[in-house]
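Residue numbering begins at 1 within each chain, and the chains themselves are lettered A, B, C, D, E and F in the order written.
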């Protein structure tokens, strides 16, 4: 169960409105790796955790914090839109600032959300749950989390230089620090699980049921062998269960398939058409 | 540029048709972590790589191999659908096997794709590019890749026990082994980059611009402190740049926001409604 | 900012597993009118509210409660999936119960989420933000909310009869009651605003700018005049600003449009093709 | 069955082209609450109505009118795009008007639709059927309709001030008036049904099966009690079946859930990982 | 502008309910090539036609007819769902017919649409406007139309054998005939335009601006030359402007690309990482 | 199985960066008719072909070539983004070129993909598999292919005039020529199949099961008879199996439907509401 308090986790107040930044900031709210994604990803992972309360608690802690980040960014976007009014093309043609705003802002911020934030990305694509993962396997999922925090912090870092507003920079300094922690924590959790499980997910699948002779092989499918220089092409494998090897000219292991014709009631093209 | 040969990388031939397995197998073809996802994710990452040819080559090698996996699974699905014919409810009501097939198969395999595979998941949801990432930052992206291979191998492992067909098992043994390698290789590549860059993405963002006092802090937002037992709550941080600390009772750092009213031409609810 | 406690708002424990009910219950979690929709709809409306703290608080209260409902239903789904194992078609063909489960359950519950809930509907379609509204106009949005609670309670009522599990019924009895309250509260809030604003949204748009002669007219575009019997076809209009009238044979007010040809560089079909 | 006449319901002719307005106007054509939404929503509700011919007729009347609105707006968009030609960045850099158009218009209007309207919103997101509702319960659905007309009229009102073209204003004056009527008519229909059914949907679900003690309770989940001032927190409930009450400090009714481990073939993280 | 009459274009009445057929029939209503697709595709093409009234009229005629087909199929689906009631898993386990229905029907038909049709496909995926095309170039669009009618009739033909209900067969006999006509008419219209424009769309693009030496060349990118046997590999080209030729071993025309590093503020991986 | 070589099929190098063109060019990469669509459409059709090796080979040849086109356009987009840096609104307001870029470029090219291409269209909508068709019926599918190549070449032709960069023009000259060939080859393949199968898909469905009396009838549903002037309204039908006829005043063939009430547990609105 959740409680809300009206205070913000951290200040989210720009020095002045900027509807173009409002549009761009939607990316870290409702984009693929925005705050909605991490909040719901962690919460669903937490709710699906079966019997590892320490990890479940960590997931719920962090997912709940991300709800506060959704709130902060939504508040920031609303303030970046303070006082925005409808604009005609004629006005835009006369004033470069208005022209820049007309082109760079999101028309839905005015028409649809009435100067509020929306659960969409910087191009107006609605957030969808195909962005997130909660598999029941924590090592897999913590890797999803580490990826999400890496992509998310990268986006904030890029956005940082798209504004010189000290208020926006201040909020970004908070988000960047929290993403630093979150990357650290998922790395820590991953290391713990890898120490117990080995690195290959899922670790409990019987090895004899996989084709072990190609479990540590790099096939060189892109002609030229720059990739042979990598750690992945020689030496002991990272799972310490084999030795990496490199196949310069990979060959197929099975013949070309020929499919049987479909029954007539399927109305596929009959075989042996001229 | 690409060349195709008609031979398969590995055999994809079931011992007998099974339209229910055909449906389920769509998950690892056109699902969030199916072969279309990894193929296009690696290829786009490769095409976007700026000046690190070794990694670009590795991405192109693996992306090209994944195209062969799309081909193998598509072929397997088509063969699992061999000879399937239209069924009426009356027939299903009389024969438990037909009833099981009616319920467990995908009606589009017959009506839409004419006994062929489709670029959709096991529930018929079309694949979309919101599943994949290619950010230009290789450490972030290799983490996306490690996640994708972890989730993907997990799904194949689960599917393994949903059939007892030796032909399907044989193809799975190949895919499981290749996913073992791919997890190994992304771990290797990640370690290489982490060794040069530190673990926090992006590593070159100036530290003084983030709020360092909360860069290694775990906020306990889910009451109860099971999460305090983790490595992430004490000791040196994983990035070796601080010490983890745990805040049992996190407090807000900013007051409750109050937004300014919108201009009248926005037609938001005016302030001070009763 | 949010806090989480580990206790549930209300019990979410079935008497026994039922993977078919687990699938169906996804509708009220991640469907168009599921708990994710209401939670995010109310929270975004709250964050976007400009200067009406009473309504903002009501929105935050209710949105926060809906987060607890997401949690309850996710927990219920996980428990309905307790102990589910992979199944082959052969097994299903022999046992009607297994056949029924095979057909009626969601394959992703096993393959993708590992016996956990997913932010998707009962057909596996991912939740997306196109389902929700937050316009900045509270009267419009409270109508969206009343609709969402009506559709949502309707779906729970229908689901009630798809199970005879007392534990599931118990949780439904809670959700039904809360939806009763939420319908009541949005009706109350709507009446308050309508009393101040009149019923037509937005109420502050200048009336002289609309074509008043058709502001209270029902055009009979579906031949036959059953619709003339309704309150909307005669008597004073609901906004008390006119009188309803009924046009039995509506006619067009403008000629057929003819569009100008496109410039040659657009490569539309040139005009006057034979 | 439908017939089409080539005349427009109302004139849709701008005084001069404006590709930026063409883009923005897509919102009320193919956006969440655009004309495609209301047309298909009413028609599907009509086709699904079981045995209430008066309401079915009203739905078909209005749905059919909305088809004419799709036509009018599509025509208006095509005319706003009259004569638009491809533009290079160099040209845009020299002329503020061209720069404003380059930024504010939709590139697909030229590249994809050849100066025609598209069934997409103002950001180019394709219309999808997840926007609409047709539940078979008319009171629920009429509330969906009232919401749609409220959001739709709000958007037209906002767009009104984004242009000073008298031709566009003229068409908007029609749409605003029709939305006034449609809000009026759904209010009328809702009142009729509420008078017979009470306000809680569905009205026929047995009350004894819901947890009546919380059917009229507001839980204060967002700290601070501004929401206690509302009509929803005291006095008789709107359904006249209870008395509103306000719980300032809501508590959970169930313990923290602990989920059972998954079977080994699911490959979730085993319990009791360190 | 449109008018509706309450009569159906053709009868849509099954002999008895069949919720499994109701689910499957959704494919030709709300699937990629269902009636919603052709209706909106033709209408948007018609509204976007600039100055060729004969074709515009044909498009409006056919688009309007397709609205009647949406109506017929929606009616049929509602009747196939007549009297369907909620079912528990226990009941399904006891009766093979109920088990077959449980598995083969769409749970949303009961929970969401209340025994009505929905604008979704046979797997419950909502219709979206990414399915349709209206480019302003009629030859391109008529080819889209011919494709849609071919795929659509194919699906009806396949569905025909999934039922033995004479009422359903009767409606299908109508739809199949209409699709026969529609394929005929688009072929006729295509031939007319091809006779005037040549076959390559767009026909008015200056030929000297394309790389004519590869305008009639088949590159053999899939090893083995079965494709050399086709008409496309030899003889005069279909546009009568060249001669087909076949390149057995295609080679690249450009070197491998090497991208320049990104500026530091983009935070891509720096070049020359080890 | 596939092999990749690092050389490009054709040069993809602009003379100078242009982030606005980079955005627009996304349409032909990740849009409805972009290169991802044709690549995956042809490959899936090839993999689903049952027993017509000549056509399968042609599909694999062309699908594999389209992979090279994805690569070329992705490379071109990356180069059009060379050196792009973050921009503030203040800068844009001062320099018309920067304003034009701010408005006309895609913010995700900087924030999300780090100056790389993305599998999305020119408005940032992710590619999805609902764009493509692979039905198992080759005549239907080749028509889909001819449509895709027609729409695709049309879009490139339109884009040609949106730039004056000789490098971009050079790549377009290649794509235009290849699309010329691909239109030619699908026309050739279609003619071959039509010669054997007649023009109506599917050709093997028993004619006596369709309502032949309306198989060659044009219903004039849009008042006015411009469409009567077409070839489709008179003379022998294109399938040579009938004579076209024109019905000026089409009438319905079935009465208005009245649906039966739903069972009480469905909670639809009961019949005979006032």
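To be clear about the criterion, contacts are C-beta pairs under 8 Å (C-beta built on N, C-alpha and C of every residue); 3 or more make two chains touch, one makes a residue touch a chain.
Note that this is a predicted model, so its numbers are computed, not measured.
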Those chains that touch chain F and also touch chain E are A, B, C, D
Rounded to the nearest 5 degrees, what angle rotates chain A onto chain D on CA? 120
At the interface of chain A with chain E, does the proportion of residue numbers present on both copies reach over half, so same, or stay under half, so different? same
What whole-Å value do you get for the distance between chain A and chain C if each is reduced to the mean of its CA atoms? 27
Chain C to chain D: how many Å between their CA centres? 10
Whole-angstrom distance, CA centroid of chain C to CA centroid of chain F, is 32
Interface hub residues of chain F, defined as touching at least two other chains: 1-9, 32, 48, 50, 53, 55, 57, 60-61, 64, 68, 75, 78, 85-86, 96, 99-100, 102-104, 110, 112, 114-115, 123-126, 128, 130, 135-137, 139, 154, 157-158, 160-161, 192, 202, 205, 221-222, 224, 250, 252, 256, 259-260, 262, 265-268
Considering only the defined contacts, which chain C positions touch chain A in the complex? 1-9, 30, 36, 40, 43-44, 47-48, 50, 57, 60-61, 63-64, 67-68, 70-71, 74-75, 78, 112-120, 126-130, 132, 134-137
Flag every residue of chain F that touches chain A in the complex, lowest number first. 1-6, 48-53, 55, 85-90, 92-96, 98-100, 102-104, 106-108, 110-112, 114, 123-126, 135-139, 192-193, 196-197, 202, 204-205
Could you please specify the touching residues of chain F with respect to chain D in the complex? 18, 20-21, 23-24, 27, 31-32, 96-97, 99-104, 121-125, 154-155, 158-164, 221-224, 250, 252, 258-262, 264, 266-274
Quick one: in the complex, what on chain C touches chain D? 5-13, 32-33, 46, 53-58, 60-62, 64-65, 68, 75, 78-79, 82-86, 110, 114-115, 125, 128, 130-131, 133, 135, 137, 139-140, 143-144, 146-147, 149-151, 153-154, 157, 160, 169, 172-174, 176-178, 180-181, 183-185, 187-189, 191-192, 199-202, 205, 209-222, 224-227, 229-232, 237-239, 244, 250, 252-257, 259-260, 262-263, 265-268
Residue ranges of chain C touching chain F (in the complex, touch as defined): 154, 157-158, 161, 224, 256, 265-267
